[in-house]
Structure formats: structure tokens, C-alpha cells
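Next come the structures, one after another.
Two complexes, one shared chain (chain A), two partners (chain B, chain C).
After this line comes the complex of A and B, so read on.
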């Protein structure tokens, strides 16, 4: 399934052993500059950089990456379409067409706005995917701890993460089984789907009970204590940090330079 | 109804984080209390969170064949209560962003507000009000459906506030966004209402004491469970 591939890639890619903090700083800083920009140029720069890092530095297969990028691409294009039709003054038509005797006018401001939002969505998703594809989730949890997120939330998150893949497999098995028996009409479909969710929920609960027994037998008293992840204790590479900060500074500078600049 | 990464401008990113924060902080406080009173509820809530994630990656049977999945807002609001669900949804939304590229980190605040706060609160209120009047099943159906609709209206408002139309303002772009979402969301919410209703019926028949395990479930639902 596609979900487990992200997790596998995060553990096996070429940037796996780069310090987590560096990757987080890069992703978050680029994201923030991207959403702050008022022209599509900085997001496009960020998009290209993130793509180079994902495809060439981390050596992630183009097919896998493209498949993940499809959702944001679709969302961005919908936004572009909507905005080119509804966001503009009536004196700047680029193109107009008629559907069912209703005239739609594509406006210049709308297209520019749409391009800005679409570029930001793509760049943002690329940054997010960079983080997701190069950093295992367990290491990101250490980062959350560093942000002083309450322990109970982190613990809950870790346990949720632990069970996601297990239940996904279970759900897929059950779904396949239901498909094998066939679904004759819409009513049955709804019925079967509810039953599937219900059974999955009960199995989940059963797993929860087993988990509590397992934790209890290891002296669980409301807290899971473990040694901190040692790998993160290493020093950050100064060159890498400098390169990232330089990139962010350039990106911020371009953002200021291209304020409100438009493509068409 | 996830808003994609990068879609909102910086000012709205900050705004929605700030709006969601008090609800989530209250949720964390409540969660801490529940977990310290009943340590066994923590693994239960964890598996339920994983269940919510899996639920959102299953395809709901839909007429249009479009990409559509259940949100579980109504179900969660009744089983966990609106406070705890806000924390759970932050975690699940973060995983959805990182593992499925649905939603994002900058839009996490806005998505939490629509899906983890407004939707569940509406669902919870509808359920509370209708339970006495119309009965358990109809109350659950209405709660899940209206909770979904509340979520999608909130998302449309969030998008309209961030991108008001130059002519016609916020209202015009709200109608634009809401109109586009309505095509998939209106029938989808009704289907989810039906599914949630059947789900509760099924769970109460098979294992009526299941909701007791969380220590946060609605009392009326527990009573209903006793009656079965």
C-alpha cells in the first residue's frame, strides 16, 4: 500500500542520516517564507530546490514522488480554475467562453492569484514531502519533545503511529474480503461498509486491551520512560547549517524583491 | 475537507493557529485528567486515533465515484466528547499531512479548527438536542451529517476570508468555494450519517460495553448501551 511506502522510504533514503534538526529547519523555514510570499517566483524556487533534494539528493523514485504530489497538484489546479473565473475586475478579460448560456470570463487578476496559490501549494507540499520522505516519524517525535509539547500528547501520537500500519493492513484485508463477496446495490454497499468499520473498530479495541495488558505487565504506571534517541545528540554540521541559512536568506530576499510581482 | 499545504497566506496561518490553540489546550488538560484517573484509557485512545486515521483512508461508497472518505467527526464527537477529539484530531491531521500529503503543517491550525473543533462541537450539540426528541438513531444520523456540513461550511469560510473576491468580497468567494464543495460534500455527509448510524447500531448489538473503555464517552450513549 502507498502509505507504508512513505515510512519505508523515510528509513532507507540517502538523506536518512542527516541531522533531523537540519531537515526540520529547512522544511519549516522554506514553508514559512513560501506562504509569506506575494509572488509565484519564490514558491517556484522553493519547489525546484525541494524537488532536487528529493529526487537527486535523497534519490527517491520519481514515480513514487509524483504519485504523492498528485493530490496537492489537483487541489492547486482546482484553485487556479476557480480563481481565474471569479477573482478579477471586469475590465481585464483574458479569454471568455460560454456554457449553458452563461458567459464565463477568465480575468487577469484571477489567473495571477490562482498561479500564486497553486505555486504555494506545490512548493509547500514539496517541502512537507521532503520532510516526510527523508525523516522517520520516530525522529520527528524527538523534535516535538524539544518543542515542549506535553508528554501525554507525544505518547499518544507515538502509540497511534505504531498502530496505523497494522490497522491499515487489517482494513485492506477486510475490504478485499467484502469485495470478493460482491456488493449488489447501493444499500448493500452502505451496509457492508458500516459493518466493515464496525468490525475494524472492535478489533482495534481488542488490540487496545491487549496493549494495556502488555504495558501493565511491564510495570506501566501512566508514563512510558525510555532512553532518548542517541543519534540526535551528534553535532550539527556547520557547513550544512550555513548552506541552509544562506538558501533561506536568498529566498527571503527574493520574496522581498518580487513583492506583488506577477507572471502575466 | 483538508486545506492543502501552502494554500493559506501567512497571516491566516497564524490566525487559525491562534484560534484553535485555546480549544486544543483545554483538550490536553482534559486528556491529562482522564489519563491520570484511568491509565487504561490511554492505550484505548491511541488505538482509536489509529482507527480514525485508517477510517479517513478508506473510500466511502459514493454515487459520483469521486475521491471521498469518511471524516469520523460525528462518531468521534459522541465517543470521545468534543474536548478530547480536538487533541486527537491534531495528531491524526499531522499524520495525514506527513504520511498521505493530505493537508499540511501551515494549514494544521485551520484544518484543526474546521475538522477537530467546529465539526465535533456541532455534531455533539445536535446529538444532545435531538436525542431526547427524536431518538438515538436519528440523533446520531443528524449529528454526523450536520457535523460534516459544519466542517465544510467552516472550510469555505476560511478560504473565503483568505481569498475575498475583488468584486463582491468575502460573500461572493464563500459562495464560490461552498458551491464547488457542495457537489461532493452534501451527498457525502448524508452517506456518512447513514454509515455512522449503522455503525453505532452494529457496535451496540455486538459489544454494548465497548464505549465504557474510553472513560470519555457520552453518558447517554452508555445508557443506550445498557438498554440493549
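After this line comes the complex of A and C, so read on.
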């Protein structure tokens, strides 16, 4: 089914067997540096690196990736447009134009602010997409555990992950069933949709009860490490770790160098 | 010895309806019990009492003579002894990967990591899902999910396994595979209790059947007793197994005889009476055959028969004799009347025991030996029963004719005169031999069998 696309890619891409922790370190460190940067240059560098990794190292199809990137791209460009029009008070407008006797002024600060935000958005999204596309959720949990995220959170996340797919299928079935019964206009579509949401919610509660019975049947006693079993304890490749740290150091260095630097 | 007993169990839902109404039940250690009944008859409710998920409103359930204790410690004890496999595997599989799901139970039993690893691997190998250990459940098919759900319970090593409709929603092969896994577990001494709508399965597989109707036990007993009571069967909305229905129709027409059959094998026994051949390949043309002698004939379908000659074949006085006399060797001839009695020649069954998963499984077997054995005996048909036997056969690249219903298919093939070699996992060998011996006793046709021990390579 279509909804498992990202999940399927995560299980089949070329970087699947790289230690999860390395991928987590790379994604999170790059993300943090990008967010801390005051110039659009480091985020753009990070964006390019992440793209290379996604498209050439993990060999993910450009179409798939671009489709996923469309949303942040849309937000970034909208932000750029609005900020360049409504930000900044300098006396040196880049450009001005008039629509319906209202003057719009494009300010330098606005453009720079917009570029910074857009580049951060894209870089951040690329970092997270890198993680999402190369690491199966199942392994991400291991990475999170290694990062000392509380066990309760991880365990909940695991079960949520498990049941997301079931309810997606359930919702798909229910939607199909409703579609098969009669014509629909906008009004009835809204009605059907609200009904589906309601029914789905009831089903989740019902499923939760069943799950609890099943867990109890396997001697569950409320302790939170029941899902913590890990068989394959991989070792981090020192070379790869070193390469990542080097990259992050360079990126951090560029961030300091380009402090408050602007493109325009 | 009864492993679970219950007396006067009543279960009342909060709205007052009685799902179970004052019933007694008991399950013998090591037995297989089927619970039949319509939807809403109380099957699931009964099963949920067995691992103390539900507490009876009235009455007591005993585990090995001790009444169930419903406090924390008691529940823990009950649930590690009684494993429960739910009807819908999606209700049961909760972890993001197969491995973690199977490890869930052992983890709750507070076992050491080494022990957990051992049990998880063993359970996954037993159900044949070790290749899927890292997969999330939503990547699996229904049958695979079911096997993982069973592995999750096996890994806790319960003495009793309770299964709610283990074959519901599976395709025929998936169904047969699940039954085989369960059969293997039973051969190791586990008690199985399952509910089902599949009367054929209950008839051929269960030692004892309970028929539940509107919260009461309508009848309990061995399959022949249950299915002999036709009135009860129709009153409770069940149906007779296909073989019994067919048998009844044939019996009133004078074709079948004896007891009601429960399996294909019994069924064949019930109709195997002297039959007439109409067409055969002439293997004896020209030979001097005397009255009273046995001659071997190859029938057109490949079956070997012996025929006692009670008319002079060479005499040309009978129609048969004339036909035989003029026929050339190897030619197909049509015989329209024959008065001899025909006993088909039976084939042999060679059983090759394969170590169980816990005894090293397929890794303890030298594949070369397996290939040599097959080359030496060149059997007509090859079968594999049990997980590790199947792995061995697959690894050795041997084509298998029988992978499901192996015992029955092998005996039927042997009755048709074919030699069969079966690779059987550990504890299933005894059951196989027992079935052959039973058949030899009842059908009057002797199948020779041998058990070929192979040297373990470890």
C-alpha cells in the first residue's frame, strides 16, 4: 500500500546497514548547527551535503525525494516572499512596485531574513528526511535508547509506530467502503469523513483494550523494558564517526566564520 | 492426568447474559482438544478463562489440581504455564519488529539476555520465521503474522497452549503449516486447546471435542462419538465432516462399510474392497500361467497389482484368455470381465528422523548423507514433516512431494504401490509409525516401513 513508501525505502536503501547511531549523530548535530547559524551559508552547505547523501549514497530516487521536499520548499519560498516584503526598515530598498495604489517595498534585511529562514527550513528538512529515508523506525528506537531518551517514551513510540499502519489500513478500508456506497457531494463527504474519524477513534479504544489483554496474557506487569530486547549490537565504525565529527567541526567553524554574513 | 480442571463455571456479562452456564471441563496433559460451537456459543469466553483473563462469576478453575489464584503472583504463574494465541495476530503483535515481539514474553519472565536470545531464536526457527526477525509486522502476510504470534507464545515455553481459531483466515497451505507446527509442539508434550469452526480439522486432529451451545456443553467426547450424534450436530448448527457425509452416502448405496471415517485414510479403508480392473497393460502375454497362481499386473495408472488366476488364461476358452493370448507384451488391453481378486502391491515407507530444532536441527545433519540415501533408495515420492526436516530438504535442494498432511499422503501413496521416503522431525516419527501400524491392522494391506538413522555430523 502507498502509505508504507517511506517505511519501505528506509528498509531497502543503500545506507540501511550503517550504524543507526552514526546517522542520528549526523542528522541531529547538523540540524543543531544549522539552527544556530546566523548566516544562510552553513545551512546551504548542510542542505547540499544531505542531498548528496540521500541521492547518491543512499540512492533514493530523485522523484520520491523531491516530492517529500516540496512541502518545506513551499514554506521556505512563501516565507522568503512575505519576509522580503514586510521586513526591514532600512533606507536602501532593493526594489519597489505598486499594486492598486499601494506601494510594496522589498527591503534588504527582509530578503536576508527570508533567505536565512528558507535555507534553515530546507537544511533542517533535508537532515530529518535523511534520517527518515535511511533508517527504519525500528532501528531509530535503538538510537533513541542509546541517546538516553526515557524508556516510557520509546516504548510508547514503538507501539504507536506498530499501530499507525493498522489504523491507516483500517481507515483506508472504511473510506473505500463509504465510497462504494452511493454518490457523494461535498456536504455528504464532510459527513462521511466526520463519521469515519469518530468510528476510527472508537476502534482505537477497542484495539487498545484488546492489546492490553494480549500483553497481560504474556505476563506483562507494567514494567517498561519489555520491548527493550536487542540482539544485534553493532559497533560504530571509528572512521565513519571521525568523518562525521570532522564534517560537523568544519560546519561549526564555517558557522562562526560566517556569523551574521549575508548573501545580498 | 488432567492439567486443567473446572467445575460449575458460570460467566455472566455485566448486562446479565450468561456466556457460560454452569459448565465443567477438564483437559488431559499432552492431549489436543477442539472446542466447537456456533458464533456466540461461548468458545472465546471459555478460552479466556483458561489463562485467567476472565474470572468466572461462579465456579472454580484448577491448574494441576490447584485452584486459580487471581492475585498478581498467581496470574503470573498461570500465564507462564498457559500460553494464549489470539485469533487476530494484529491484536497480539505489538512490537515494531518480529524479534522484539517474540522477545516480549521472555523479557516479561525476567530471563537473562542469553536465555532470551536462545529461546527467541529457537521459537523463530520452529515456526520458520528466522529470516524475518528484523521485519516490522506490517510487512508480513496473514499466515506469517500468525506464525510470529505463535512463536511469541512458544518462546515463553508454556505447558499448555490455548489457540482461538488458529486457522481462521488462512489459505489452505498456511493452515496446514500452522497445524504442522502445532502438531510438532504437541509431539513434544504440550497440551493444546483450540476453538474452531473447521469440523474436518477437529475430526482428524483432536483427541477430544467439546461442543458448546448457548453457553452450555452439549456434548464432549472423542471425534467418532461426537460425529455419530447427527441430531446433536444439526441442533448445534454444526455440520458433519466431509468424509463422514460422503461415507454415509456411499454406505447407504452399499459401497462403503465399517466405522465412520475421520480422515482420508480411514475413508479409503472404508471403500477398499475387491475391485474390478477394466484396463491393464499386458505383462504376462504368452507366459504359461496356471490356475491358482498369482500374476503381477501393471495397471494403466501405474499401480501394481497381483491377480489370482481362477480361469485358465492360456486356454483360449474364456474371453479373457483369448484376449491375453493374442496380446503382445507391453500392450494396453481392455478386459471387460474378470473374476479374480485383486490385491494391490503396497510400497514401502522409509522414515529418516531429523533432529529437532532444540537438538541442533538441520545443522546437525550432513546434507551429503541425505542425498546419498535418496540416490540409493530412489523413492517414488519424498516427504518432509516438521520444521527442521523441511529446512534440511530445502537446503539439500531436494524436491518434496509431500509437505502438508505428510503421514496420510505417504500411506496413501504406499497403498498405491509407491515407495516413499519421509524426513520426519524428532518426536513426529513415533506418531508416524503408530499411524502406519494402525493402518496395517485395519486395512489388511501390509505397508512395510523402516526407520533409517542417519549419522549426525556434529
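The criterion applied here is as follows: the second predicted complex is superposed on the first by the 234 of 264 C-alpha atoms of A that agree within 3 Å, B and C clash if a C-alpha of one lies under 4 Å from a C-alpha of the other, contacts with A are read in each partner's own complex, and residues count from 1 in each chain.
Everything below uses one rule, namely that a contact is a pair of C-beta atoms (placed from the backbone, for glycine too) under 8 Å apart; a residue touches a chain by one contact, two chains touch by 3 or more.
Computed from a predicted model, the values in this text were never measured in an experiment.
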Exercise for the section: Pick one for A:34: touches chain B only (first), chain C only (second), both, or neither. Expected result: first
Practice task
For A:122, select first, second, both or neither according to whether it touches chain B, chain C, the two together, or no partner.
Solution key: first
Practice task
Have a look at where A:131 lands relative to chain B and chain C in the superposition and call it first, second, both or neither.
Solution key: first
Practice task
Tell me which partner A:211 touches in the superposition: chain B (first), chain C (second), both or neither.
Solution key: both
Practice task
Once the structures are superposed on A, label A:260 by its partner contacts, choosing first (chain B), second (chain C), both or neither.
Solution key: neither
Exercise for the section: Could you look at A:161 and tell me whether it touches chain B, chain C, both or neither (first, second, both, neither)? Expected result: both
Handout entry: More chain A residues in contact - chain B or chain C
Key = B
Exercise for the section: Name the contact category of A:184: first (chain B only), second (chain C only), both, or neither. Expected result: neither
Practice task
Please work out whether A:109 is in contact with chain B alone, chain C alone, both, or neither, and reply first, second, both or neither.
Solution key: first
Exercise for the section: Could you look at A:239 and tell me whether it touches chain B, chain C, both or neither (first, second, both, neither)? Expected result: neither
Completion exercise
Dual-contact residues of chain A, meaning touching chain B and chain C, are 7, 137, 159, 161-162, 166, 207, 211, 215, 220-221
Problem - Residues on chain A engaged by chain B in the complex (per definition of touch) - result: 3, 6-7, 28, 31-32, 34-36, 43, 68-69, 71-72, 75-76, 78-79, 82-83, 86-90, 109, 113, 117, 120-125, 127-129, 131-132, 137, 140, 150, 152-153, 155-157, 159-164, 166-168, 171, 175, 183, 186, 189-191, 193-198, 200-202, 204-205, 207-209, 211-212, 215, 220-222
Exercise for the section: Using the touch rule from the top, collect the residues of chain C that touch chain A in their complex. Expected result: 48, 51, 53, 72, 75-76, 79-80, 83-84, 86, 90-97, 99-100, 103-109, 113, 116-117, 120, 133-139, 152-153, 156
Fill in the blank from the handout: In the complex, the residues of chain B that touch chain A are 4-10, 13, 28, 31-32, 35-36, 39-40, 42-51, 53-55, 57-58, 60-61, 63, 70, 87-88, 90-92, 94-95, 97-102, 104-106, 163, 165-167, 172-173, 176-177, 180, 191, 194-195, 198-199, 202-203, 206-207, 210, 213
Fill in the blank from the handout: Listed in rising order, chain A residues that touch chain C in their complex are 4, 7, 11, 136-138, 141, 158-159, 161-162, 165-166, 207, 210-211, 213-221, 223, 225-232
